[in-house]
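Structures given as structure tokens follow.
Consider the two complexes below, in which subunit A is the common component and subunit B and subunit C are the respective partners.
Showing the complex of A and B:
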């Protein structure tokens, strides 16, 4: 408690104006970080298959619950996280194999893929509510509430860990896409899926890799979200915000998704802090509409050839 | 031929319906009169994230009615509870449940729902059906008295109202805790929250305190650090968090800790859920809240033991206690009236004066249909438990 008293003291003495702004920026970055991670998951699949995987939120939720129950059952936190990522991968690929791939084979419109995704998300979420109850559960054995003080600014430990892990994950993803052969295959498919297929790239294999990555991203986001807030069946709804972020940044564009996520996190924090949180979503969706009106491709709209 | 058949059918239907009327006693009374069994409705959250509100109440009512029937029921008639769940789509399902209870099940009284929003939905339905509804914990004044001051005759309430607890909390904060500058963090689209905030503001500023800032939020939010940073800047010494969502309370408490904020957190009866302590017990250490009962009150000890023995893994809560109060009030009213008729029950309920019910002796104010001078429990969260700090009973005006 000692440090929190000091903090309260600092808040009340001295020059707040600037430190409050910095505190809000830190909070905004921490909220935006989760959006960015999830937005990358949307962008990746969109870039290859031209549709948004709306079943993304439920993968995130399922992974978080796997971590929760495995840690409660006696696994270490690291083991629980590893299991969560493993299940995230399996579940994501499972959705691709049973839902999306059969539809793509039939050459259905992309719209139906998205509706299928929404259906899966609703079904999984409601099943979880019925089986597990809609209670909110704390992430077990992880205490993250003590802040690290940098002058007047409080930064949550979990925010720092989340930021580092997200950056590392995005870095690995970038290296994978730019420097490896499967990465090249994904970029080729993003450029033109059918041509890539004709050129001898196994598009089905590419799809598996893409959904594996998407599962990893969803699991990491679910774990951090669970640690920062709580684990509950409807936690996947945060992915709606991530979708907005990826549209703002430019659908199918990875850098755009990260930037979109961070812009959205900052915008929401500043609106909540300085105007009113009642208007927060008005500003978020308003920004979305403005971007779509004036820059339909998103902030980082690129030509199709450099989508990734 | 067809016409004759139709006429015959119609005549048969009329005879049957006359017979049906004749078989009931007190059929000349308006509203619903019980047949062979006295049916009582229950409307509440039995599923979903708010199932803790209604599940314990339903079990407690079923246990009570079982015992009652073993002793011969009310006026020699067996009592039957008909419970409907409103967990998935509360407002719509409350309307459906009330219509069904009145038109199809023919109940003489309805217990519940737990929250103001759903109670408001029920008002026109029970008024038209002439069936009294005894709400357990819906605390907004508008449930029993409409905005223009007219009494909702068929609505009764077992708990105290929001102004009552907002006023009590403001007095407690100022006099007992020495707080002078409170910030609000509340869901302004929720009438429960708004009601408490308004009454707290009125009372707190009247006795000399001030309101530092009023920050908004939405119950579906998960991050409140932006508002908390603004509150920290405002120089407040306390935060009133008037919400009915324990999730919000736990997130706010954790994020206050993350931001290093050490302000007194003031809460209301809507906080009261054991899940809250699992989520953020240590972070809430030292917070205060008003509540309708104190679970650690020795008068409940025997009952809690009996209940837990019968339903392993569950403990009764305030919603169960107030449902029992409602049931006992209805039982008292039927006995007083000498007939299980819905309008008679409605008329008798407002004559309750010092009638012993489960939690207390109950007096109903005839002009508001609220309980008179209910005790407010001030609870402090210590060692991750709800502990009674003080009981606050208002004096007669």
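Showing the complex of A and C:
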């Protein structure tokens, strides 16, 4: 991606050595934070319902475009972001209600759920390409790309904001899952959905909460990605990184997803900084293959037997 | 006439690739979004062997299939061996498809990067494609009827039960992947020699979706269904130009609709059978044709019992 080349050159502009490494680490952590957010949104659904929500990327793209157009239409940046998150939630829940829930009721195989997800992603992404054009758009009215100097270390403002917001969001999510009653219901459903249902947990309600969280997370990630790089219809493919991150961390494992996301972000930043940004994605896929080869369960493998 | 010929050639190429993917997705229940990668491997293998090493066309086609299988095994065996869930396999294949595209578009020496390779003759004719479609269909029906094909269905239906019954799951899945890689690789080679020019942009990631659409619409667990759907989906964009731009949107919506209302697809678990037609004519013409119909049935044998 052209933008990451610019970022790489920006960093090479400074003096080499330790400060460059620190810059790379901060950038890597901030990208990793966004990946971690996405990966958590994805892993949450996987842990409860045991399927990959491949329609995740298009929710991210739609939210980013909502922010883009509402800010262009005269909303303030905060208003645009709020609208984007609202649309992210609505769209995510809409997908659950219209497509996934009827399918789950029929007890279909996971393959059909995956095909449905891919279908939604294809339809929404290509509608956006046809109607809005496939070109890249910079995030409007926000100048967050200029670096902040800390001593002789230049760090992008957006990187700092993204890192802080992702950490705060992850923290809130952790508190929600660990300390509240709905959180407990989600954890119980993740352990065993059908038993949780028998025990009186309203699994349909859990599914709505889970998809709301995934919508919020997708919207935040979409906005940050749009600010850092650009907004374009096929930006949803970034969610592939979330899949990779959660495979690295262990499918369906939330802590693992965070760790996987941060590892992936650091790896990508160092590859684009020191090798070439063209091969950035190649290294991510390579890491995926290596993890699958040597630790198929991921870093934090959750031992789980197949259900008959 | 020439126009129809070229449309039919493209349809045939698409048919070969779709029936390849049908074994993996429809029969074995493994989901792949990266089969454009195998198409790319097939296309470049054939072109490189033909152009730089002077290998005859027929051998090139075969080699492209073999190369796809080899790379399919390299990527497939580890993922299968480590007992990945269908989701992990799907993600790994997605990564594979992207990785192949990235390597090809960024390697200047042999692949000529994003510019691609040109300057080789058009060797894919309608006859070659027809022959290969027929051959491919016959081999595929035999594969499905063989013990390997039955293992594939067992794995799709109930993996653990199949394993208890003694089916080697890893082997079955790897074989299914290899077969599908071979077909898609050959399809890629035919495509390259039809276009007389090959570049990474011609085999975009959306090609994987196109192939998948053929399988989903044609029917999971059928060969003739995806073959028909694959042919039709290749012809439609040629007839309806507007369809070409909105194609992927329509496919996407149809994916959801098909999964919701008729998840088994157009033909479901059936194969095209000529029995009803023969029975109809048998009734019309009396005994003699009825006797013939028995003979045809035996020869045909393509009706799956599922």
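Please note the rule applied: the second predicted complex is superposed on the first by the 280 of 308 C-alpha atoms of A that agree within 3 Å, B and C clash if a C-alpha of one lies under 4 Å from a C-alpha of the other, contacts with A are read in each partner's own complex, and residues count from 1 in each chain.
Heads up, the rule we're going with is that contacts are C-beta pairs under 8 Å (C-beta built on N, C-alpha and C of every residue); 3 or more make two chains touch, one makes a residue touch a chain.
Keep in mind the model is a prediction, meaning the values are calculated, not measured.
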Quick one: classify A:24 as touching subunit B (first), subunit C (second), both or neither.
-> first
Which partner does A:278 contact after superposing on A: first (subunit B), second (subunit C), both, neither?
-> both
Check whether A:99 is in contact with subunit B, with subunit C, with both or with neither, and answer first, second, both or neither.
-> second
Identify the partner contact of A:229: answer first if only subunit B is touched, second if only subunit C is, both if each is, neither if none is.
-> first
Would you check which partner chain A:120 touches, where first means subunit B only, second means subunit C only, and both and neither mean what they say?
-> second
Once the structures are superposed on A, label A:177 by its partner contacts, choosing first (subunit B), second (subunit C), both or neither.
-> neither
Please work out whether A:186 is in contact with subunit B alone, subunit C alone, both, or neither, and reply first, second, both or neither.
-> neither
Is A:296 contacted by the first partner subunit B, the second partner subunit C, both or neither?
-> second
Identify the overlap between the subunit B-contacting and the subunit C-contacting residues of subunit A.
-> 278
If you look only at subunit B, which of its residues touch subunit A in the complex?
-> 48-51, 188-189, 215-218, 220-227, 229-230, 232-233, 235, 246-247, 250-251, 254, 257-263, 275, 278-280, 283
Complex interface listing, subunit A residues touching subunit C = 46, 51-52, 99, 102-103, 108-116, 118-127, 130, 240, 243-244, 247, 251, 278-279, 281-282, 284-286, 288-289, 292-293, 296, 306, 308
Can you name the residues of subunit C that touch subunit A in the complex?
-> 25, 29, 31, 33, 75, 78-79, 82-88, 90-92, 94-96, 98-99, 102-103, 106, 158-161, 209, 212, 216, 220, 245-246, 248-256, 259-260, 263
Which part of subunit A faces subunit B closely enough to touch in the complex?
-> 1, 3-8, 11-12, 16, 20, 23-24, 27-28, 30-31, 129, 133-138, 144-147, 149, 154, 156, 229-230, 232, 237-238, 268-274, 276-278, 280
